[in-house]
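Labels run A, B and C following the written order; every chain starts at residue 1.
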């Protein structure tokens, strides 16, 4: 028993020393920011895009001599898209490494960190998640893309204009999917529409047939969709079942495989506009071997905003604290990154497109704004 | 009309689940092992077939190679893991935990090699739609699933009752001790059983993802539902397991007419938990 | 050094859960993959009372513990009625059912969105705002839990439980109630899980169903198996080691996209290896 206890203490000591070793940081005049993204697990594909966007912007800034002579470094933490891991990472970055600003993604983790951000005055920059609650979760949480609600308002107005007022909702039974569902229920009727039926599917469950059949039975003119995975399967099963109603959605629809598939012909959706100049796109492709996807652009754009704020603060000689960065962001207000965007509230106003999938391509049919 | 369409879908899903149930039941009745890692074999079958097709193998060959690999894997798990544990007189709990470990290993090797994203088979014939009177439409894959599942069920029944090996297996299942002294060598029989069951579970393992896409962590829910079918159908009864699998899936599908879909899995397990409290021996317990 | 605090606080909470799982699986011999569900119920109960400002922390925690005692007894009842293997399915079923409820009962649990902004714990009218006092609370909870566990296992009741594991029939033959002993063990396990849930909810200030799913239950089982069944040292060792494992893995250079799978893979390998070569875990007794 005593040997066991000694062994236990040794093992714990080992674990502790490893934890310490992996968290030590050095100090020089490099400016450090944090980023808490899902780098492993099911969210890793998107998380990696987001990381590349930030890293790409950082590398370009450093190659150009940094911000007023200071090198920029972003420390990436993996939260596996889980709220509890995010809190641990947040404490590590905010308390141990005294970082004034942290990038975040995904609604659950961002909402979990928001109260801590308020308490510790750390600026959280979200360029990925779109749950409505993010808009009001914390004065220190800033969103560089519109919430689902803003997109839903836009698509609802468009559909009403097309005379499609009888709708059914297909949604994924998780935070992002339900947020979309709630918005459809709230905003679609405001444009004169009616919701006839709604049906959930479990995340990762790709048999949409029962749900599609049940929704089809309500005879809608349009099906409003709020799912983040399995879009292609949904499109194919919709086609196989010979359904005829219009399918509408939000930026979640921008999945290249689905757009290329013939079964998605005629799907309409809102799309947060973000364009990269061809030269930048080519440079990125040369470096990483893949095109600049949506979230790469979003986080590249967000990092540019951060660099602008940093530059302004350094010029004014103010210390880089979370509070100063927060105030400066709203003082500057309008930013021109990859797209023009403006902060009237914590959520940026950005241009939105209405797209339709035609012949394997996503074609813009109308341009609106996210207000 | 909706009910008919839902029912047809239920039969497809139910038949696939039925094969999972009979293969699991075959193992459980003989070895008395709660082989959770069976879910891993089920998932692996689909991924192997996908990889073979990627390599350019013709479809039937790809499927057969995948089934062969799973057969070997099943035998290997029995021979290298369960048999070893049994020799050390491990309790059922220990074997179960080891099996959970094996499941985690298989699933995560798949996730590491193929990523956790949904993968799709690229077989155009599979998604061709067949109209079956009324509004009922099924794809080739779905029809194939029903045919293959019924065939697998018939084959297992024939094998179990008509061949010498099948009879030996049933003998070992009904009394391992007696089988041992009549030189039936239960240990070797157990390996055969695992091999056969793993080959069987490969069928739905390939055909279901052919329709719905592959995901590394999707094996556990079908396995648990299949286990419920096995218990409710009476352990040891192949027909009971198959029929109950179809019945349960039908109930889940048709329940959509009355309750919102997010509760259908919850309801299945709720009924089961209640069932276990009041009638733990199953509906058709006589076959024991 | 708040990060350090986070690790210690979470590990302390998991030690309580480890004790709970150990009581059920290791000592009472009731296989359970649904301890995370009970843990979740404790967390949601405390969150409910604190967020609606109905009770202060300690009474809320007491109600959570009581609720979890009742729940744990209820969910282990089938185990006492049906044979081991059948209960395995029931236990999986209970876990999946619980996840369905946590996810779908939006009014009570916030659904898949979870509950953000749970107020910090308070003791005797004083809120524990900063992390260090919260850590003290968690560590205090762990020490108290460990002490209870140690005392119980030394008491006649603990000896009875051990005897049941050795030979259930013999114990029944001496006129002791096996059923009552097992139900009591399950009740104690529920109290531990409920307390852990309450601490977790107030420490993280956010809960959602993903913290209480099947994977978490299996992680708990892994902690007990690695640490070692039926001993206090094992229940402490397992959580501290396994929570440090992700940090250790960051030192090894593996592609990020497969890192989560690798971590789960290692849990799997650990389970198999321990069962094959060291069923008593690092510091426990034979399962």
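Rule of thumb we're sticking to: a contact is a pair of C-beta atoms (placed from the backbone, for glycine too) under 8 Å apart; a residue touches a chain by one contact, two chains touch by 3 or more.
Since the structure is predicted, the reported quantities are computational estimates derived from the model, not experimental observations.
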Centroid comparison with chain A (C-alpha atoms), farthest chain: B
Pair sharing more residue contacts (C-beta pairs) when B-C is set against A-B: B-C
Length of the line joining the C-alpha centres of chain B and chain C, rounded to whole Å: 31
Chain A and chain B, separation of their C-alpha mean positions in angstrom: 38
Residues of chain A whose C-beta touches two or more other chains: 41-42, 44-45, 173
Sites on chain B at which at least two other chains make contact: 115-116, 262, 265
Per-residue multi-chain contacts in chain C, two or more chains: 103-104, 257-258, 260-261
Touching residues on chain C, where the partner in the complex is chain A: 1-7, 10, 103-104, 106, 111-114, 116-117, 129, 131, 204-208, 210-211, 228, 231, 233, 236-237, 240-241, 244, 247-248, 250-251, 256-261, 263, 282-283
Of all residues in chain B, those that touch chain C in their complex: 28, 32, 34, 81, 84-85, 90-98, 100-105, 107-109, 111-112, 115-116, 216, 220-221, 224, 227-228, 231, 262-263, 265-266, 269-270, 272-273, 276-277, 280
Contacting residues of chain A [partner chain C, same complex]: 1, 4-5, 7-8, 11-12, 15-16, 18-23, 39-42, 44-45, 48, 78, 80, 82-84, 87-88, 91-92, 94-96, 107-108, 111-112, 114-116, 119, 131, 133, 137, 173-175, 177-179
Contacting residues of chain B [partner chain A, same complex]: 1-2, 5-6, 9, 13, 115-118, 120, 127, 129, 135, 137, 139, 212-213, 215, 217-218, 253, 256-257, 260-262, 265
Contact footprint of chain B on chain C as seen in their complex: 25, 29, 31, 77-78, 81-90, 92-94, 96-97, 100-101, 103-104, 214, 218, 221, 225, 257-258, 260-262, 264-265, 267-273, 275-276, 279, 287
